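Common to both upcoming complexes is chain A, partnered first by chain B, then by chain C.
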Partner chain A sequence: MSYYHIEEEENELLAKVEEISGEIVTLCEQCGICTTSCPMADEMDFTPAGIMHAVKIGDKAVLDSKAIWICASCFTCTVRCPRGIDLAKVTEALRQIHLRKNKDHINLEEVKEEELEEDLPPIAIVSALRKFTG
Partner chain B sequence: MKLPYYPGCTLKKNAKNFEKAAMAAAKHLGIELVELPRWNCCGAVSSLTSDDVMHHVAAIRNLVRVQQMNDDGILDNEYRLVVLCSMCFNVLKRSNILATSNASMLNTINSFMDTEPDYEGTVEVKHFLEILRDEIGFDTIKSKVINPLKGLKVSAYYGCTLLRPREVGIDDPEAPTIMERLIEALGAEPVDNPYKSLCCGSYHTVGSNKEVVARRTYKIVEGARRNGADVIITSCPLCAFNLDNRQALTEKLYPGFKRMPILYFTQLMALAFGYESEAGFDGNFVDPIPLLEEKGLIGMKVQK
Partner chain C sequence: MKLSMANLIKVKIIMGVNMTRIGVYVCHCGGNISDTVDVEEVAQFASKLPDVVVVRSISHMCSESGQKAIIDDVREYKLDRVVVAACSPQFQGSTFEKALVKAGLNPSMVEMANIREQSAWPHYETPEEATEKAKVLTAMAVERIRRTKPVEREAIKIGKNVLVIGGGIAGIQASLDLANAGFNVFLVEEKPSIGGHMAQLSRTFPTEDCASCILSPKMADVADHPNIHLLTYTEILDISGSVGNFKVRLKQKPRYVDPSKCTACGECEKVCPVSVPDEFNLGMTKRKAIYLPSPTAVPHAHVIDENACLGIVPLRCGLCEQACEANAINYDDTPKYINLDIDTIIVATGFEIFDASKKPQYGYGRFQNVITALELERLIVEAAEGHFIRPIGKDIAFIQCVGSRDKQVGNLYCSRICCMYATKLASLLKRADPSRDVYIFYTDLRAYGKGFEEYYRRAQELGVKFIRGRPGELQEDPETKKVIVRVEDTLTRKIIEKKFDLVVLSVGLVPSKGTLKIAEMLKLPRSSDGFLKEAHPKFRPVDTPIEGVFVAGTAQGPKDIPDTVAQASAAAARAMAIMNRGELELSPIKAIVYEEKCDGCGECIEACPVDAIKLNGKARINAAICKGCGACISSCPRDAIDLKIFSNDEIMAEIEAAVKNKKEGEHRILIFADDMCTYTLADGVGTSKMKYPSDTFIIRVPSSSRITPKMMIKAFELGADAIFLGECEEAVSPYPGTLNVIKENVEKAREILKQAGISPERIQYDTFVTVMFPKFVKIANKLHEIAESEEISKEKRMRLREIEVVR
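On to the complex of A and B.
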């Protein structure tokens, strides 16, 4: 996690995330309830609270993190955030920043060859495509 | 009680037993579930961005079908739409909340669907479990049991989409009890699992990240086993796939891991109501039949 600071009015990342998500990221007080609640935190390079901090200070490294793709929108943090922030919408906004530039996160051809015959349910395929492609 | 019913894609492919068992159980309780004509995929996950209206169209189009069924006389002033799949339930209910609380968004959706009648915001999206709790009642369910599931220890797995976010959930998101009450009504013994609402990894089951799912599966199944569970029940076909089919991968990651059967809650209902052949136990990945035989719950002649 980096600790440099960008003035709020110059913070492009914050402005973009707040616009796409409709959430006020600066309300975050870094209490960490999201991180301790997150079932995926142990798979992440940025913790949920770390993601919030990065957006708040405009650290664009979060856009290249694994964490924003690992978040599966389970809404545990959303239910528990004492500041009422819907963190699932924040990670969705970070994914959308990539997807809206047509940068997909899944290689469809790989999936087809390897697994379709193992009877993946349609719900798995549709949700993966909705989350990983633009 | 005649209610409109939305199946969703997976109930027509992987989770046929979920639906078939539900139909038998519903009939036993005097509920007729009438499938929506010309329903379409709901989109599986709800769009979470503030500016994306497009991805709510699929969900709203399904709600229009309920209006049409009433207009066509198939239903008599019945706007409660029953959903079995937790994910579809979540998506349909979320889009409905958005459309009915945001007039300009509803207007945009209605003008986009210019070949359909306008959605008037009249539909209520209900999970089948809510109908069981609020319309039928667990006491009535108990009185309809023919084959009490005595001696079966069942752990309820809720996952995410039945409980969260709060405005969509059908029970307390931190301490749900609705499935435990059902388990009890069916004569089985509910056992707790600290991981009953821990995300199973969802769509990470597609692609190169499925070990993420297998690690969650291990945690969830072991959480139930530590409390003595014989079997886990769920209401989500994606959770079911991850907890059931991914046990093959879990076994590889955790030597010594023992498989546990994963059932849909409706399969348990069908069994308790005496519709063993409708329960579709041959459709589960981890075979539940040896367990149910050992407990003396299947293979008996049951009076209907």
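On to the complex of A and C.
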């Protein structure tokens, strides 16, 4: 059994996400409505409710999750959240934390056509390019 | 008794009988005051104030000997007014009012200077400042009492007629309590039978009593009680007037069946050719156009649904009349209009269930196997009687919080009963057939009531599965019509998927249409959840802000049956407390119109938040409705309105005394504090010995809306450096709607300050509840900073005099 020890610095993630998204993540009551509203939840390593929970306790593993890139920003979670939290903004904030590091994960010229057609999520390409457009 | 000379500071002999003669009493409070404030110095100071005849400093003013000193002095020195410099008037005000009555004076002729909560305690670290402030506070009280006029307490006659609106369990309980106590009850119900929602329920949690079995004897008691006039199938057209004198107009719809003849034999139903959905079973079954509203209906008689009947106009059918052996049917029945004179009103208009089709993702109305919990109640009752309306199945899911705690539908509140009714229904289903697989999908399970936790445990023992997580949406298997539930088990982060024969939506409670209608008619405020607002959430939970109108049951907010019954009995007791005395003494804090000044323009009518002003050539104030907030005062262009207590003269005298005693380099920050919240809060800050600048002077008012722009500007002209208006937060305010008046008045006054070249920042306002200690201190500090930052020049203050202040 692993346990998660919450250090003072872990609250930085919560503060940062709340600052970027403008949403109050601690409002989340963990009802899970977002998860079963999400068309991509089955593909995710963190469920949408799980993402919210991870941010709340400052679990930085969520930053390395695939889930935040799988999110298609369809906003179904946002329109159904009974607490009125804009989850799409929270997920976007997690992506922004990556993007603001200005690190290139994709060199467009090196992306092969087959890769584009197969398993590269479109959101990843959009995100990779977005930092140049401000 | 011989007066003790030890504590006597001064006796001044003034001849003549019509002079104002004031006694000032400075209290040590056993050290609470005298450890910080130099009480003798305050007393010496007071002895030089105008019209002061006697001054004493006494260890405990509130003690019997302290009170006796006042009573004896009033007699000996012919005092006509008294100032007690001691603690908060909220704490001991009534003690000294009673002492004055004993001494033969009008109780309004005493004023307290709050030198404990407002000086000795918050300024305990700076005793000299505390003493200076105590002197000014005493001077303010003396100046104020000099302007006070005796106010006769008005009382109105009140009879024993009470109107109970709504015949659910709340209205039934309140009616029976009142009727048993000997009052005349008029119980009005819009439906053809009383009983309300409780009559529809299967069993009650957590005891699993059969709901209609415990309810129907009470319904029968209502019908039989000589003191209850039961008016079913009746709507309220209009209510006017005020406590002791409500005029109520009612319309009783035609039943077309004489309830005194009808034996409810049911022969008419057999021949009636028209079938329509049965409301009692929520439309799941049919009833005839002539029908018995429910098996336990009271009055126990049939009624004809005039919208469904073929025969009423024109006479086309007539089959039921032929079948009725009792000759109870009368197609010529007409509506009856009834006028009542009523003394008090109990509003028990109940709830409606949330319309589940407003959550389309759950498919209610589209999927045949998605029903509401109330529908399941009816299915269970009917099944117990051998009527199987529809199959219930083996695999059953409950979804909690449908329409409650949901920002998307605008209902932020918890409906309080759904956790337990779902637990009850699940237990009943499981007990009836243990092979059933019953799930409850919840987020927070609230088993807060007596016996609830134990009941929750019993359901778990029975094998009901509580899963923490609510589904985002439901799907229907197109072939089997089973409902597919996908839900995240938030405890394991696994997504569960299962097919169910039946999904039950645990719908929340919303205010009924009747509640909304009566609220509008009586001008009853509603809280943010839409339910009726009580006069005070803690201490007046069944009173409404309208005198003589009480609230019981779910009209006030979601609650279960025991809470509803308790509240109904409480409302009945509150109504009795008024009616039993035969007269009601009105609070002396009331608005008053100076008729010679009033020109009947009517502007005050709109300013009044409770509709207490009517125009009859001149403005007339209904003292039974007026709550004495003073919001009307600033609306009058001719200064024709005032309050009887907290009058313009009294408040201005306090302001003048506060600024007149200002020394070189000192500042004056005036905080006008509404009695209910801001003043109580300031007392609390003092009691907690939290420090704030000692140049802050708190002036008690019923509501800050009574401070007009003119008063604010006058205060600056005389020497005030900053002004603050504090008011209750709307949610707890006894005067809802005054905040707009305050805002308007502050804006007007700020505009004038600007014209005179004074920063408008110097006037501020805000709302409080009584526990916002740090907020209060922060504001006092900020105002102090503003006052210190720049002196207002004499020229600027003089300029204010030249600007014409409208109102």
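In the analysis below, the second predicted complex is superposed on the first by the 96 of 134 C-alpha atoms of A that agree within 3 Å, B and C clash if a C-alpha of one lies under 4 Å from a C-alpha of the other, contacts with A are read in each partner's own complex, and residues count from 1 in each chain.
The rule is simple: a contact is a pair of C-beta atoms (placed from the backbone, for glycine too) under 8 Å apart; a residue touches a chain by one contact, two chains touch by 3 or more.
Quantities reported herein were computed from a predicted structural model and do not represent experimental measurements.
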item	value
First, second, both or neither for A:79, with chain B first and chain C second	both
Which partner reaches more residues of chain A (counting touched residues only), chain B or chain C	B
Partner chain in contact with A:29 - chain B first, chain C second, else both or neither	second
Contacts of A:109 with chain B and chain C, given as first, second, both or neither	neither
Contacts of A:41 with chain B and chain C, given as first, second, both or neither	second
Partner chain(s) touched by A:20 [first = chain B, second = chain C, both, neither]	first
Touched partner set for A:119, first chain B, second chain C, both or neither	first
Contacts of A:96 with chain B and chain C, given as first, second, both or neither	first
Chain B versus chain C as contact partner of A:88, first or second or both or neither	first
On chain A, positions contacted by chain B and by chain C	76, 79
Contact set on chain C toward chain A in their complex	361, 401, 405-408, 443-444, 468-473, 486-490, 493, 495
Chain B residues within the chain A interface of the complex	8-10, 13-15, 41, 43-45, 47-51, 55, 85, 87, 160, 164-166, 173-174, 197-199, 201-209, 212, 216, 237-238, 241, 245
Of chain A, residues touching chain C in the complex	29-38, 41-42, 47, 49-50, 76-77, 79-84
List of chain A residues in touch with chain B within their complex	19-22, 39-40, 43, 70, 72-76, 78-79, 86, 88-89, 92-93, 96, 106-107, 110-111, 115, 118-128, 130-132
